[in-house]
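Chain naming follows the written order as A, B, C, D and E, and within any one chain the residues start at number 1.
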Amino acid sequence: MPLDTSTYSLALLRIDGRRWNDLRRLHAQIHTQDAADGSSYLEMGHTKVMCVVTGPAEPQAGQKKGTVGSAQATGQKEGASIVVNVVVAGFSSVDRKRRGRNDRRIQEMEITIQKALAANLHTHLFPHSTITVSLHVLSQDGSLLAALINATTLAVIDAGIPMTDYITACTAGSTSSYAAGDDAADPLLDLNTQEEQELPYLTVGTLGDSDKVAVLVCESRVQVSRLEGMLVVGVDGCKQVRRLLDGIVKQKGRKMIKEGAVRRSDMMAVSLDD
Amino acid sequence: MLDDESVAQDEDDEDEEQGDARDEILTPGTVITSNSQWMRGHGTYVPLNTSSITSSLAGTLTRTNKLLSVRPLRARYNPEIGDLVVGRIVEVQAKRWRVDVAAAQLAILQISAINLPGGILRKRTETDELQIRSFFAEGDLLVAEVQQLHQDGAASLHTRSLKYGKLRNGVFVAVAGTGGGAGVVRSKRQLWTMEAANGGGKIDVLLGVNGYIWISKHIESDAAAEAAGINRMEESVSSQIYSSQNNHIDVTTMREIARCRSVILALVENGVKVDEDTVTRGYNEAVEFGRESMEDDIYLGGERGQRLAAALAGR
Amino acid sequence: MASPTAELSHLPKTDGSANFAYGGYTITAAVNGPVEAQRRDENPFEALVDVNVRPAAGVGGTGERQLEAILQPALRHLIPVRNFPRCVIQVTLQVMETPENAYVNPKVMQPRLNLGIIPALLHAAILGLLTAAVPMKTVASATCLVITDADGSSVKVDPTPAEIDQARSVHVLGFTAGRDLLLAESEGSFSADEWATVLQTAEKVCCRSQEAGGDAEMGGYGAESENVQQFMRSVLEAKAAEGLHWR
Amino acid sequence: MPREAEPSLSERTFTLQAISEGLRLDSRKLDQFRPLELSFGDEYGVADVKLGKTRVLAKVSAEVTVPFSDRPFDGIFQITSELGPMVAPSFEVNRPTETEILLARLLEKTIRRSGALDTESLCLIAGQKCWSVRVDLHILSADGNLIDSSCLAVVAALRHFRRPDTSIEGETLTIYTAAEREPVPLSWLHSPFCTTFDFFGEDGEIVLVDTTWLEEQLRVGSVTFSLNKHGEICQISKLGGKPVEATLIIQCAQMALAKSKEFTDLVDARLAEDAKRRDKGGLMAELSAENER
Amino acid sequence: MSSEPVFVLPGDHIDPSLIPSHPKKPVRLGPGLRHVPPSDLLPTLAGQLVTDRQKNAIRVETSNGRYIPRVGELVIGTINKSASEVYFVSLSDYTAPALLPQLSFESATKKTRPILAPGALVYARVTLANKHMDAELECVSASTGKADGLGPLVGGMLFTVSVGMARLLMMPKKAQQGKVVVLDELADAGLQFETATGRNGRLWVDSDSTKTIIVVGRAIQETDQKSLGADEQRKLVKKLIKELS
């Protein structure tokens, strides 16, 4: 039994020693590929993903028609269309199962990321063009969709594509299994694979520092009364993730200023309000 | 949980921030100002039901009178009228070419916007349209100027000057353009000729503002035509200018062209902007580096690149 | 055997649709067209007739593709395809119910061509085309017949699946209203004479309505078999009349 | 594939304007479903659902087969849903569209993954023989809200279905025809139902249920909840789209629960009616059989 | 006009007495009929055979199916995209677009032509309908240079009706024989609205009031889908008006 519930209730520590509201180590880099318009590498615990963004650029031949496996923006003829591809490496998980291009689960993730971006990016600024997001999963240990969303946000920022705000995501679970109606159940933040297999959980993605939910995916059975608690913890986790990502972007920016690649601000934003 | 290292780094940065608040980086969703006297420019938006100018990019703030914009840390090239760009022909259509200039959309080059062999003032004929591929075919590289911008942001190019046209006798390098970040920046001269070391003769460096770069052997005849004055120039427009055949290039020249290319890539890798000054000085440094070893190594990756960047920063 | 039943234009999102049930088969036909053909299918001189048969259970396989291959040329002959160049007329035929014993393992049945279903598919398709107001040169009907050795050599019209299983040969023949042979598919062993009998019988079954007092003459073979062309006329006329009291 | 149909500017502007005034083109309230008709076929395991102009038909079939080697104690259960040109000329055979992928995933998560059907009960001889139950979902006409109507049709069809009775003596498996032994229902554990909420307005603050095709084209986002009447969430999908307030999502969950109870009652009622209808036939048959003697 | 409607199926024999035989005018074949040389006349649709002896015309009438453009008919189209000289206009979903020259508007010149965004609606007349070519449209009368009510339709709402209903709505009041009274009834009930009908089964309704547009749309669609008679239409209008207040 990966998560010994009796141990948890005694020490209130999870299998990897975290408390209920601890995120795992989040490490991320921005602009990892010189050749790409935008790129990022992100680790949430042992879940490791990388992202490359191309565009906005002229659509490649054959990309125009909605091909299988690449989610396509619809009803947005006037703006850039967004194509998302997720490749899960065979070595990324313990079972080493190869997931083909037509795996519905992966296609669903592609569509989810594509639709989250479509509502957030200012695509209307780039008519007749395509933004291609390629995601590679190198290692899986839970919170996969969340990691993919976070990596995408970083890479899109790196590509300099205007957006409303960060979209950050994380998972939230509950220590009670679906059947148990016990009120003592604690919510948990940022689940690893073992916890995901054992406990009900959901993935939540929010916009910026707000409580607005862009993505919410739950695939396990859980009492509806648990939803609010899990959602609150998840939204709070997203805010934590946002602060971390924001720090990474700013750090990169300051480094670029120091190197002379980017000019400093003409003035301070704070002085404008006077 | 953050690892100790990055926490430590964060603290470092905070110290710096206090040192100079103009090092501040705006990120998407950051409110710049709620004061209504300012106008919003590129890289900003005003969220619904508010009057706050908010950043939509990661970058630094620029102010032009009352207009506030955010200059992105990095972005794709965004064409502006008058830009000197290097492009690659992607598609040949009936009366025009579609050219990759690293922008969001392919640029257009009309057949009426090029110099036709036999003089600028010659009237374009249907024969020209039929043999459109004899001027530029798919994959050809060219240098051109942005002539106008369409409503949707697509650019139209022209090559109606002897400075512009098909590119030969050199090597192509792609780096980031003027959209932001390290790469080519707009400067006084995008194109210059420099004396190569080790008897390599003269080489031309052409930094397209779109980040596409062409480094080639300098061909004297062009200069001669230039010197002959504008009228003669027109006459000298011969079918030669659309030749895809390289002139003879000495191995020594090739080595120096390659060295120059290494310098540019090393600059980009180490986050140094690419302009005439950095390239020229970097090249001179690289020549010195080369003298250190017998085999005159022109490779400038990794540590050697960092050394080069450090030498430039040291001034 | 029960009389055929039909429901017309019951799918509001299509240009034309019909639900046709007879002899245990229920087929829903949806027709869209003429619509723009895809670039790769485009024929500059005539319309493409795209027939798509979908089984009630399971995904379509070779059996369905073969049914499509039989129906497609038949329908193409009924439609003046040259009047709609660069277009496609889509006919989707969804099998809703079949008289098969539901508990017979369908996998065992699969390799066999299911001739018995063709008349129902054809009739549903024609009704669908007519409600979609796709111009047609004429209408047609088809019937299924078997030759059994049970009591000598006899021809039976509208056989049950069990009868088809035991038959020496199975035949499907379709005739236009003008008594032209539209389609003929046979399976099993039979002699040329037997086939002539089958042809004659099928023609009588399909085209009976045009002869006065034909029913009496039919006596011997499948008098119980409803005349489908007559049936189609009556349902379409009823549908037209429905609109009449206000049009 | 002809180009997808798209609403004109007038339709867009007017429909959105009406929604912002709290009006819908068919005069429904924002939180009101279209009249839902559920009927069963003569065969067992056929459910026909009509929701306005949307119409779906689910058909259940079962056969005896060999279980998967990695799951010797489980039967096989699959749901297939293919959108063909019957739905719209833009749907091509064998080229799944986004709608189709999402629908298939949703049914999979709601019904299969939530364990609505006890697959262990489908096992006949471990590792050798099991039932393979499949549901074929036929979309006959699509005018929005395919998800809710499809889920209801599949659940209703599975609950209506009867498989042949079997017996095992030693190594021999006997499958009885309907005439020999009355077919038996599947071992059904709980009935989850989907409710989709569609968001409109600049901030996604207006919520509609049971949207038509036109409304669906104009929505800025949507969330689908799958719940059973016991208040267990089986699945939630808000796959991107405009971000909406977390509190609104919680409200939607409560509405979904109420709706799920309604759907449960509807399916129960229709099943009871159908059973009554069949029983009458059964009784008559018995009587006539007795008369013959 | 023949008193008793005759129902025909494709390929049926047409009684010669039904074919108009005007001594001078040539016989005009409407939709649903084809001429097989030398002298056979065969229906191609299932519907009612309608003979107009004055015009020496004969046609088969159906109320459903897809719209096929014919010269001179008024249609409501949706702009798909604009090319350098023409707009591509969709007359029904999934069919090839028709062409509308950008200068084919009232007093349009290179400088003053209307700029129509994709999705905009136009009320236009079919000027070319040929099976081998894309249909062509105009929004101005070629002879008078006047728009005559044609041109862009701004605002309002578009409702889909059957082609049969569209044909009825476009008939002069007299010829229609009071079969569709629903619009008049709505107007009599005090609703203020404006409509334009396209033969391609599209009805455009505009009004200051959102509710009015919805009521008009529902009334006409319900009348069409349920084939309501005049009395039923009156009942429907009463019901809808009641809901309004």
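In this text, a residue touches a chain if its C-beta (ideal position, glycine included) is under 8 Å from a C-beta of that chain, and two chains touch if they have at least 3 such contacts.
Since we're looking at a predicted model, the values are computed, not measured.
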{"item": "Chains touching both subunit C and subunit D", "value": "E"}
{"item": "Chains contacting each of subunit A and subunit E, listed by label", "value": "D"}
{"item": "Pair of chains ranked first by number of touching C-beta pairs", "value": "A-B"}
{"item": "Centroid comparison with subunit D (C-alpha atoms), farthest chain", "value": "B"}
{"item": "Centroid spacing, where centroids are CA-atom means, of subunit A and subunit C in whole angstrom", "value": "54"}
{"item": "Inter-chain centre distance, subunit B versus subunit C - centres from mean C-alpha coordinates, in Å", "value": "68"}
{"item": "Subunit A and subunit D, separation of their C-alpha mean positions in angstrom", "value": "30"}
{"item": "Numbers and ranges of subunit A residues touching at least 2 other chains", "value": "77"}
{"item": "Junction residues of subunit B - those touching two or more other chains", "value": "none"}
{"item": "Residues of subunit D whose C-beta touches two or more other chains", "value": "1-3, 6, 88-89"}
{"item": "Complex interface listing, subunit E residues touching subunit D", "value": "78, 93-95, 117, 119-121, 153-158, 204, 210-211, 213-214, 217-218, 243"}
{"item": "Of subunit C, residues touching subunit D in the complex", "value": "11-14, 28, 30, 32-33, 35-38, 50, 52, 54-60, 88, 90, 92, 94, 96-97, 101-103, 105-107"}
{"item": "Subunit A partner contacts - residues on subunit B that touch it in the complex", "value": "1-3, 6, 9-10, 13, 16-17, 20-30, 32-35, 38, 43, 45, 47, 56-63, 68, 71-76, 90, 100, 103-106, 152-154, 174, 179-183, 268-273, 313"}
{"item": "Of subunit D, residues touching subunit A in the complex", "value": "1, 4, 6, 95-98, 101-102, 104-105, 108-109, 113-115, 217, 220-221, 223, 227, 231-247, 249-250, 253-254, 257"}
{"item": "Sites on subunit D touched by subunit C in the complex", "value": "1-3, 41-44, 46, 53, 55, 57, 59, 61, 63-64, 80, 82, 84-89, 93, 134, 136, 138, 140-143, 164, 175, 177-178"}
